[in-house]
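Following this line, the structures themselves.
Each of the two complexes below includes subunit A, the first together with subunit B, the second together with subunit C.
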Partner chain A sequence: MSEQEEKPKEKTRRDFLKQVGIVGIGSVLAGSAIIAGINYDKRKTKGARIKVLTAENELLEIDRNDATKVGKFKAENLSYMQKQAREGIKGKRWVMVIDLSKCKNARKCMSACQDAHHLRPEQHHINVLKMQESTNTAPYYMAKPCQHCDNPPCVAVCPVDATYKRPDGIVLIDNEVCIGCRFCIAACPYSARVFNWTDPIRAEEDKDLVYNPELNVPQKKGTVSKCCFSADRCREGKLPYCVSACPNGVYYFGDENEDAVTNGTTKETVRFRKLIEDNAGYRLMSELGTDTRVYYLPPKNRTQPFKEEDKPEAGEHIGNNNA
Partner chain B sequence: MLDQSKTNKITSDLLSHIRLNYAFKLWMGFLITSFLVCMYAYITQLDKGLAVTGLGDYVSWGMYISNFVFFVATSLIGMLISSVLGLSGAKWAAPLARIAEIIALAFAAVAGLVIVMDMGRPERLINVFLYGRIQSPITWDVTVVTCYVLISTLLLYIPLIPDMKYCYEKTDNTPKILKNIYKALSLNWIGSDEQKKILNKSVLILSILIIPVALGIHTVTSWLFASTSRTGWDSSIFGPYFVSGAFVSGCAAVIIAMNVYRSSYNLKDYITEMHFDKMAKLLVLVSLVYLYFNLNEYMVPGYKMKKFEAMHLHELFAGSHAILFWSVQVFGLIIPIILLLFKKMRKPSPMLIIALFVLLGAWFKRYIIVVPTMEHPFLPIQNVPFSFKVYTPTLTESLITLAPIILVLIIVTGLSKLFPIIPIQETIDHYEETK
Partner chain C sequence: MFRKNIIIKITIAFIITAFFSLQLNAQRWDVPSNKKAKNSYIKFDNNTAKSGEEVYTKNCKSCHGDVGKANGNKTLNPQPPDLSSTLTQELTDGELFYILNTGRNAMPNFKNTLSEEDRWKVISYIRSFNKKYVQVLSKTDPSKSKLVKINMNFNAATNKMNLSVVANEASGPVVLKDAEVMLFVSRYFGKLQIDKTIRTDKDGNATFNFPKDLPGDSIGNLTIVAKVSDEIYGEIESQTKLTIGVPTDKPSLTAKRAIWNVLKLAPWWIIITYTSIVLIVGLFLVLIVRNLFRISKIGAQQ
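Up next is the complex of A and B:
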């Protein structure tokens, strides 16, 4: 994080490189570095391919076995993680489409999400709600992640810049900065944010992990948490946890700039704008002017009818018991 | 010419309460013990996190924030009495100015602590100053409350300078160190014309400065809510609605303080029935203004009955918060207004009871503004424990809420034992003018 912490590590690295005689590849970004090494002697062995960024800002793909982990620099990595998380992924505008007609309330998205983000059972970054607009209108299941508003009320009210909007559209929280005032929770019209009221569920096993704001793990007591659009997975070119976990083809995820979204279940990639146009896609509470990045396809021609036993809960919110 | 014996009587009367007697020690001991108990509750919260409260992901602001709003509100009275009434030439309010200023300072300063008690990460308070973002109403609030505390301190201190000289010269049995403090605080006041001119000018400037700042603190506090799109907070009249409500609770606090000081410090000749009569009329006036804003705040959405507004109002008028809502409106506002219209009620004792009701009502009114709105977000609350759906404050949380109230009592009592609570110099000047 600070200059002092960096110096001794710089030295360790140099010693190490000298000793084993490997070529170190590091990229230095504002005082932080990704460090990786290539052992030319083991060039021939095969393994998984990984991406390495050189000091010349060149992205190389090398064999996992060729790379040597040079060290683990907790403080250094933290500031790098924080910076990387604020910069986002260049050239992208992430967008999600949720097809309500396919949702069967399987809740695989919820459990995958809670697993990935080390959440308690009552903490939902994504929550599948039983919805009903008014008496006599059809109830439906609606998965609700953070909407990643382009005009986010939560970011506006944050007094310390702990929550921010990235150029690639994702709204994140830096829980190393968050003061726990919960103004963002009050400001969010989508109830998308949760709070760590007590020690996080996996506090003990996560205590040595370097904090990654793109995953918001480890969770921290007294700070706010929410859906990250799986920014860590986006960085790896993978689909978000919830999207991949869905067995029913509810989710599409992709890049608005490329006009392409991929279905998490079928892996089929379609034109984003055409998908929205053909299916009369809409956004949640668009009258609030929040300009969300999550789009919904209406629950028509559903693959499975709304379960009878879920009807009372769906009607509760509008004071209708569906009797 | 100076009537020396009268002046001496005023001085000794008004300085008489500056001594530590048994009753004071007992009362202070009680306050400090209770405060420590409450602080123990806060230490539990620091250790275990905000999970010791009844708050959840939906009702994430509860008693602490209601308490904060109440504190900021009550502190506004300093501006109304010492500044607005002073500037408008209402001479009757002069003896009450210091009481109002002490209340203002105590509540405003402690309000800062109240908000820290609500924070999940109080040790990161410094981040507000390091990374403060100008877009956030919290940043505005921190700035403007700090300003208000500073100006209120000056408004309390500057008129106190001549009195410091009396404290230094005329008190007996005070420890030497306190005498030295009085001497230092008196800034070599000799009562020359030039000194008087500077003092009057400073007070005038501060009295004018504090008006926008005072309006600012409570307007910005109301914007913490009004800047969201939540039903019940999404209102364009929140600023004036809060400010008018602030005067109601502030007047009640001053009436209670007048009563207590008057009887325990033997100030019947200085805080007279006339003062109570005037304060009662002032309370009726500000209550009527507040009632008018209440009418607007609830009737206009109630007429339209938009989906979410209708659900919110139903909860208040006939739902789970109805008893509290109507008690606050009836016993904390409407009945006090009606009672105080009668001359018989505008006497110290009945007013003490009425003011206690008004003040209690004012606290619960903040609760009614904060909590029901949070219980009804736009999207349904599902897949969470029942405790997340209905907010029930815990004992620990209640004790932590009580702590700042006790702290205010400690400050208000403590200051009244250190400084004359009726301005001596002004009383003498006033006596000479009217002679």
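Up next is the complex of A and C:
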């Protein structure tokens, strides 16, 4: 028996294969277990839980991998839409011409604008005013959007760089940055800005929309809103909402660099400088040095008289209430 | 006595007629004779009238009201007529087309906002209210417009643009005589017309005065569009790019230093004043701290 035991066993091929099989499978299993362990460990160290304090003053713990670093300045953290809105459209200088001789107070520009920008009926990016300068001068209707000054007082006073001037001349406001201080409303000589005192009119249906500063939709409670010269439409090569809504051919809009403006009603394109020169075009309060991008043509040769019922409002400040 | 009465009556009658005819004249449109004779190349039927109604509802109804109901906008002066009235139906198709193209007073023109096809369809809709109307079709064959070629030649010395219009028929080239030609330059929101609308001469040529001061892109490129309207070949449009504009490359409006610009482009006076105030205040603080040290040193010595 013992002799037999001491005698080295003769290795058959079957035994050899068996052993190789066991070792092979074992090493594969062990290897994968080690790799899995290393991976698990790696994830554990790299994806360590970190504590985050939210704006709502809540202390949360999240995985490090799920967090993105927030830049120190607001300008570093802009969305694509916000960046695009700050860059503007290259090589353009938008300009608007309002022909007061054609305005009949149809107010289609106002409704188109409020519809596009989701504004309340009392909020005006553009407003048609009833004007009369003095007792013996003729009353007239005057559409008044933001004048998009080349030297904008509103932008100069903004403490957080929320409102800005674009290379193509449009003055825009970014509601995500605006803190609602309303300095710009006070600084604007044209009263072109409105404040969202309450929740916007379409707050519920707009809540999933991506914010586009070029359209300023969705509107945001506690921020300032203003005329955008329909920057989103200009990007598409279309005329602004107010311009194309006018039934009376009051508005011209175009690019000063191209020296051409297009009428919103007839879609006729004319030369900008010639139009201003031939009709003695002027700008509002140019003595302030605001260098506006909106030009006016005087209200001469009107085809429709100023409505009798609008006269008291036009002459309110000169005591013409009962005129 | 009797004779005197008659004279008075005749005079009154004459004055009244004269007055009315004057009134009518005031409302009449002064349409050039060649435009008056223009006819539609589209055969008016129920389908064209129906699509014409859509165009009418969108563009005309707000002032003219429903056709046949005389419920147009009464506040306008002159009042827009009901288009089924004899006053309108008496006009030729060419006259109606001219009115749509030019507009007057409160009526805007539709030559840029509606296509020629849509304009004819509106007329087709208006004519559907006139049972006595018999259409005269024009000789225009729109399928032949593909044969026409417009050649543009710019003479830099005289600043004139010369157009020659030729149709390459199977039988050989045919020049388009007396065809209406318009020249445009493409702008961001529309086409700017150059010079006036003219007609080709007997050799199919038309010459336009081109302005010297028209801004192009940064190297002066302009997109020129020529539009020809011929009685047989219909409307033809051709486009080319030419370097004949004034090179325009204006700086951006935010390039200059200004108080409203971003921090990097603040005016020098702000940067200098602000920095010097900070430096002066800082210097005083350093001086104060230094003196405090000196005082404590002197105190320790005594």
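The rule we apply is simple: the second predicted complex is superposed on the first by the 240 of 323 C-alpha atoms of A that agree within 3 Å, B and C clash if a C-alpha of one lies under 4 Å from a C-alpha of the other, contacts with A are read in each partner's own complex, and residues count from 1 in each chain.
One rule holds in what follows: a contact is a pair of C-beta atoms (placed from the backbone, for glycine too) under 8 Å apart; a residue touches a chain by one contact, two chains touch by 3 or more.
Since this is a predicted model, take the numbers as computed values, not measurements.
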Fit or clash between subunit C and subunit B when superposed on subunit A: fit
Partner chain in contact with A:R93 - subunit B first, subunit C second, else both or neither: second
Which superposed partner A:N257 touches (first subunit B, second subunit C, both, neither): second
First, second, both or neither for A:P247, with subunit B first and subunit C second: second
Subunit B versus subunit C as contact partner of A:A156, first or second or both or neither: both
Subunit B versus subunit C as contact partner of A:K226, first or second or both or neither: neither
Subunit B versus subunit C as contact partner of A:H117, first or second or both or neither: neither
First (subunit B), second (subunit C), both or neither touched by A:T266: second
Partner chain in contact with A:K165 - subunit B first, subunit C second, else both or neither: second
CA minimum distance (subunit B, subunit C), superposed complexes, angstrom: 5
Intersection of the subunit A residues that touch subunit B with those that touch subunit C: 153, 156, 161
Partner subunit B, residues of subunit A touching it in the complex: 110, 122-124, 127-131, 134, 144, 153, 156-162, 177-183, 185-187, 189-191, 193-199, 221-224, 285, 288, 313-314, 316-319
Subunit A-touching residues of subunit B, taken from the complex the two chains share: 48-51, 53, 55-58, 60-61, 115, 118-122, 124-125, 127-128, 130-133, 135-139, 142, 224-225, 227-230, 307, 311, 314, 374, 377-385, 388
Interfacial residue positions of subunit A with respect to subunit C in the complex: 88, 90-93, 150-153, 155-156, 161, 164-169, 237-239, 247-249, 253-255, 257-262, 265-271, 303-304
Residue ranges of subunit C touching subunit A (in the complex, touch as defined): 62, 75-77, 103, 105-106, 108-113, 187-193, 213-215, 217-218, 248-250, 252-255, 258-262
